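So that you can tell them apart, the chains are marked A, B, C and D in the order they are listed, and the count of residues begins at 1 in each.
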Amino acid sequence: MIKAGIIGATGYAGQELMRLLMQHPECEVEVISSRTYKNTNYDQVYGNFMGIASDKLVDEEIDEISKKVDVLFIALPHGIASNKISSKILENTKIIDLGADYRLNDLSVYEKWYGVSHGSPELIEEAVYGLCELKRQDVKKSNLIANPGCYTTCSILSLMPLVKNNLIDKGSIIVDAKSGVTGAGRALNLGTHYTECNESIKAYKIASHRHTPEIEQELSGVTDSSISISFTPHLIPMNRGILITAYASLNKKYTYEDIKEVYEECYKDEQFIRLLPEGVFPETKWVKGSNYCDINFQIDERTNRIIVLGAIDNLIKGAAGQAVQNMNIIFGLKESTGLEVIPAFPI
Amino acid sequence: MIKAGIIGATGYAGQELMRLLMQHPECEVEVISSRTYKNTNYDQVYGNFMGIASDKLVDEEIDEISKKVDVLFIALPHGIASNKISSKILENTKIIDLGADYRLNDLSVYEKWYGVSHGSPELIEEAVYGLCELKRQDVKKSNLIANPGCYTTCSILSLMPLVKNNLIDKGSIIVDAKSGVTGAGRALNLGTHYTECNESIKAYKIASHRHTPEIEQELSGVTDSSISISFTPHLIPMNRGILITAYASLNKKYTYEDIKEVYEECYKDEQFIRLLPEGVFPETKWVKGSNYCDINFQIDERTNRIIVLGAIDNLIKGAAGQAVQNMNIIFGLKESTGLEVIPAFPI
Amino acid sequence: MIKAGIIGATGYAGQELMRLLMQHPECEVEVISSRTYKNTNYDQVYGNFMGIASDKLVDEEIDEISKKVDVLFIALPHGIASNKISSKILENTKIIDLGADYRLNDLSVYEKWYGVSHGSPELIEEAVYGLCELKRQDVKKSNLIANPGCYTTCSILSLMPLVKNNLIDKGSIIVDAKSGVTGAGRALNLGTHYTECNESIKAYKIASHRHTPEIEQELSGVTDSSISISFTPHLIPMNRGILITAYASLNKKYTYEDIKEVYEECYKDEQFIRLLPEGVFPETKWVKGSNYCDINFQIDERTNRIIVLGAIDNLIKGAAGQAVQNMNIIFGLKESTGLEVIPAFPI
Amino acid sequence: MIKAGIIGATGYAGQELMRLLMQHPECEVEVISSRTYKNTNYDQVYGNFMGIASDKLVDEEIDEISKKVDVLFIALPHGIASNKISSKILENTKIIDLGADYRLNDLSVYEKWYGVSHGSPELIEEAVYGLCELKRQDVKKSNLIANPGCYTTCSILSLMPLVKNNLIDKGSIIVDAKSGVTGAGRALNLGTHYTECNESIKAYKIASHRHTPEIEQELSGVTDSSISISFTPHLIPMNRGILITAYASLNKKYTYEDIKEVYEECYKDEQFIRLLPEGVFPETKWVKGSNYCDINFQIDERTNRIIVLGAIDNLIKGAAGQAVQNMNIIFGLKESTGLEVIPAFPI
């Protein structure tokens, strides 16, 4: 059994991780920690765990915790993990960081977009960007996984085949993204007060969301040129789910079949990527509660653009599920262990 | 492996059953049928099953199907199953009927509340009312299980200890029930059109809902007298979940602890019943996606009433989950097999 | 033109009042105040007022403000108004208090349920409980109106004819109430964080909600005996609306028509009370955005109970609308002035 | 008083129109008609009108009706109005058609996108596209107004200043649109069944929605070249509201102020267009229940794109409100008569 610890177990991503790990057949949760709720029983923080996990949350003593576990998941706001993780800790345990601190290869890009200085720049190079479908070979060998952002995962998986195969004008990419409110976490905020976001939609962090450089880095990584995109996230009055609608100009005329073939070639062995049949498009409801990413596209012949749609459960494939998938890879388990759940509906 | 069939696999309860059975370690779904969608692939009807279940739905030929399976789940509107099931079919397979046809012992009560004549009254006596926590000994021996209604399950489990132990005035029971919209099924109806039930609440079938006699029958069954209740269901703008708020006059002054003890005694061995700590009350969100029934109560000292609250996931403990629990009992499996899932949140 | 001021203009009730008063043909808003947002333009606090009200919010200097206005609306949490209002202020202006401080006639009941001491007990006797349909003669003559609570308004209007005409067992009243989330206000709270209350239902303050003594006081007031009720509020995942489902035992057998006549007699001249046709029951959607209270009932013949349903828009008839109605009464305007709006749907 | 009739008074747009017209100080609704509900009282079809409008709905005898009214609003699915309207009818009354039949100038474009043949092509030329802010001079003189589509209104108003002033690459326009579910009407459909669209988001009619040619026609009309756009609508789990997020490449480097000036110049006299302050972006909640269109934009300097956001209430500025605005123009009333309502919040 893999012994796991969770730092930041009381945020939504931490909680989803707790749920997945407790149900994972090869893993047991050894330590859960939370600064805010230390010394509280877990089921007092999350009533769904009533009678299932009444373990006490401990303080965030990462050094201590790292000695007790084979893998340590970190689910903290950006800027904190990089100050807590060190080479020494990486000797004790493997780290899967659900935060943003190790996702960007370029320190200056990180510091520009996040507005903080990085606590352990020397570790950036060691870190592997854990988008499993693209990086599983590197993940296997790493002690420090930067688990991708939610918008990022969905955007990259949806666009990668087009970029890699040079089918689109790389300067033309626009990602219009929509997320449920869990993406904003459990911290109180007027914008996520029920009556303020229910029955309304808005865009936010227009042209300035921090997942932008992450998407650009990874898309650039599958081609030979540097890619800039426009990225606009929207807040949707629903609990879970991300849908991205991506637009790009095709380099020449292609048929649906031409491009379908390219996607199939890229993803033919991917259990968690579902390429939908022609004319059937992703809806977040079909992936809820699962690690799937559903993808399909439409060619707009009048403008010769391609419109790609991707959907994930933001807390699973966009956070905790992918973190478990990374753990499975690292420990040589079947990649889908503990993740083979059928999406629930209507839920 | 238990071979299972589902008649009516494309309603919401049928679909949830499909999901649970496909994930059940000791069961495999052999046949799925639907009149409306016969010859269609299952994942064309429910996109969550895309790439997971593309089996073709067959017509509702119950005779044929009953020969192929060890257990046959029936999820049809009332009045149909009783015309399809016969002694002969019960020789072929075990039946777990999620509909109402065999729930009421008294034929005249059935015909009065449902307004139809019963197709196989001779089988009523054979049928066992499959509320697992109350009837598991009978379930074990039966070939024909009447799986309880959703409101019923939650109401009976919440009130039973009070009635059985004679703590309340049996003429004083009022159940004010609230259900999510999946309770109304997938059939189109103005009342469940999104913009007609979103952002509103209403009561319906006031003093006339068909789950009333079912609750009365089972509560009467644990005591020596005939019980009549007032039952009012409400439609809540959410997908899943039932909350019942039940009121009754206490027979004398009791403390919280007095009554807590009675509940604990009744349910101490029940894995799926969670008696919440004092002052913590059921919320449907904490049981979503699971087979749990959460219960707690408050004594209103000023009026000497008890207010009992119970919450379930209507499609699981209120339908498909309990059906699986019944299957587990019948086949001698651990009762929680395939049902030990932690409720998901926020979902 | 009546000059009005609003203390606490940035809570939801204050904001709804602002909207109603700005659209009122005989009134103009002279001063708006807010402790939290003083010196901020109103449309920066509420974007719906963009370009419509960019007035600056001033501090809550009630003495100063009271000199400038003909009527002063106070929309503050309980316990504050009673410390701000004095006889001197009542010489300057008329007060309509949307809070709870002057609603209960009995000081000890107030202090017991609210757990604070009252700041101006000498004014309690002067205050008139402003449930317009019951008290309009008293309202006319008063300088200090205690505007009723939201649950209270709906409960009293729904039950009053039964109590007044002695049709029910006065010890048998149970009110099961359901409210949208605006009832909890704009202050941040985990319980009203979007992802915590969306897609779920819960009861809260069971047998202890502060609107209980208010309902009891007013129902007792229309009969000769002291009435105790059981009251359970529930939080519904929707923005607006209150539905109450009230249960009581009938004193003898009555037909629907018998009781309908009693309601019609009570409310025949009431513009804002809509007695629905037999078999049609209140739904909160039909009153949204309006000052209406929709009422109907069903007799449960099997138990000889009556089940009364009432629906209001909690921010209008349950708060700001009724406050305006009170203002109209005080100033001798047509009672419906500024309130004759058709409910909007679907909204 | 203007005498108005409504053909198709029982759809959502027809109902909203009914509400606006009944509250309009210079208009009275003389006839309401509905094929489905003929001979039914209006308040039996829409409970919000209970006690307010119990008029009987008549059959759709447009000839008869046209003789009785000064203006006739038609709110029918596309393809019907063009078969009902004739020159003769236009001699009797003015027509404001909320449907699509007369919106497109080019018959072949209409027939291609709508897949039906037009019933009165000879009237197309007479019809004026009633986007008030652009066409009020023409509206004044016309007997036949084609009231714009909901997505269209919001898209054109948001983009027009950029196109007209030649600030963007006209081949680069992408409109990613989001609508509440009222946009789909009251007709039953699996896609708008509560539990099928609640808690989910999807795109639909990708690159094929019929509002596309309408947007293209009107944007082309303010410049010298033919414009093609990519348009993708999404269904949002909320009742009302449209948000459009439009992307375009700027022709050169501009500052926020440069472009703000252009918008201000275009809309400085427009009461219903609110240009939000820098950094404040449209949210559908701020326009609900009103005729406003809120607009703002952000320059994405890294890609030199502009991202324009626009929000309207789809049933008001996107349908019934604009229809009333057109009526006001035609009859020489103040354009905002009956429309000067403050948006309601939270509702």
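Observations
Keep in mind that, in the parts below, contacts are C-beta pairs under 8 Å (C-beta built on N, C-alpha and C of every residue); 3 or more make two chains touch, one makes a residue touch a chain.
Heads up on the chains, UniProt names are A, B, C, D = N-acetyl-gamma-glutamyl-phosphate reductase.
Small disclaimer: the values here were computed from a predicted structure and weren't measured.
Residue-number overlap of contact pairs with A-B passes half for only one option from A-D, C-D or A-C: C-D. When the C-beta pairs in contact are tallied for B-D and for B-C, the bigger tally goes to B-C. Centre-to-centre separation between subunit B and subunit D, using Cα means, comes to 46 Å. Measuring from the averaged C-alpha position of subunit B to that of subunit C gives a distance of 39 Å.
Residue positions 12, 182, 195-196, 198-199, 237-240, 283, 285, 288, 346-347 of subunit C each touch two or more of the other chains. Listing the residues of subunit A that touch subunit B in their complex gives 12, 15-16, 19, 22-23, 46-52, 182, 199, 239-240, 274, 276, 280, 283, 285-290, 294, 341-347. In the complex of the two chains, the subunit D residues touching subunit A come out as 171, 174, 176, 178, 180, 195-196, 198-204, 206-207, 228-230, 232, 234, 236-241, 243, 245, 247, 281-285, 288, 298-303, 305, 307, 309, 346-347. Interface residues of subunit B facing subunit D in the complex, by the touch rule stated above, are 12, 180-182, 186, 188-190, 192-199, 237-239.
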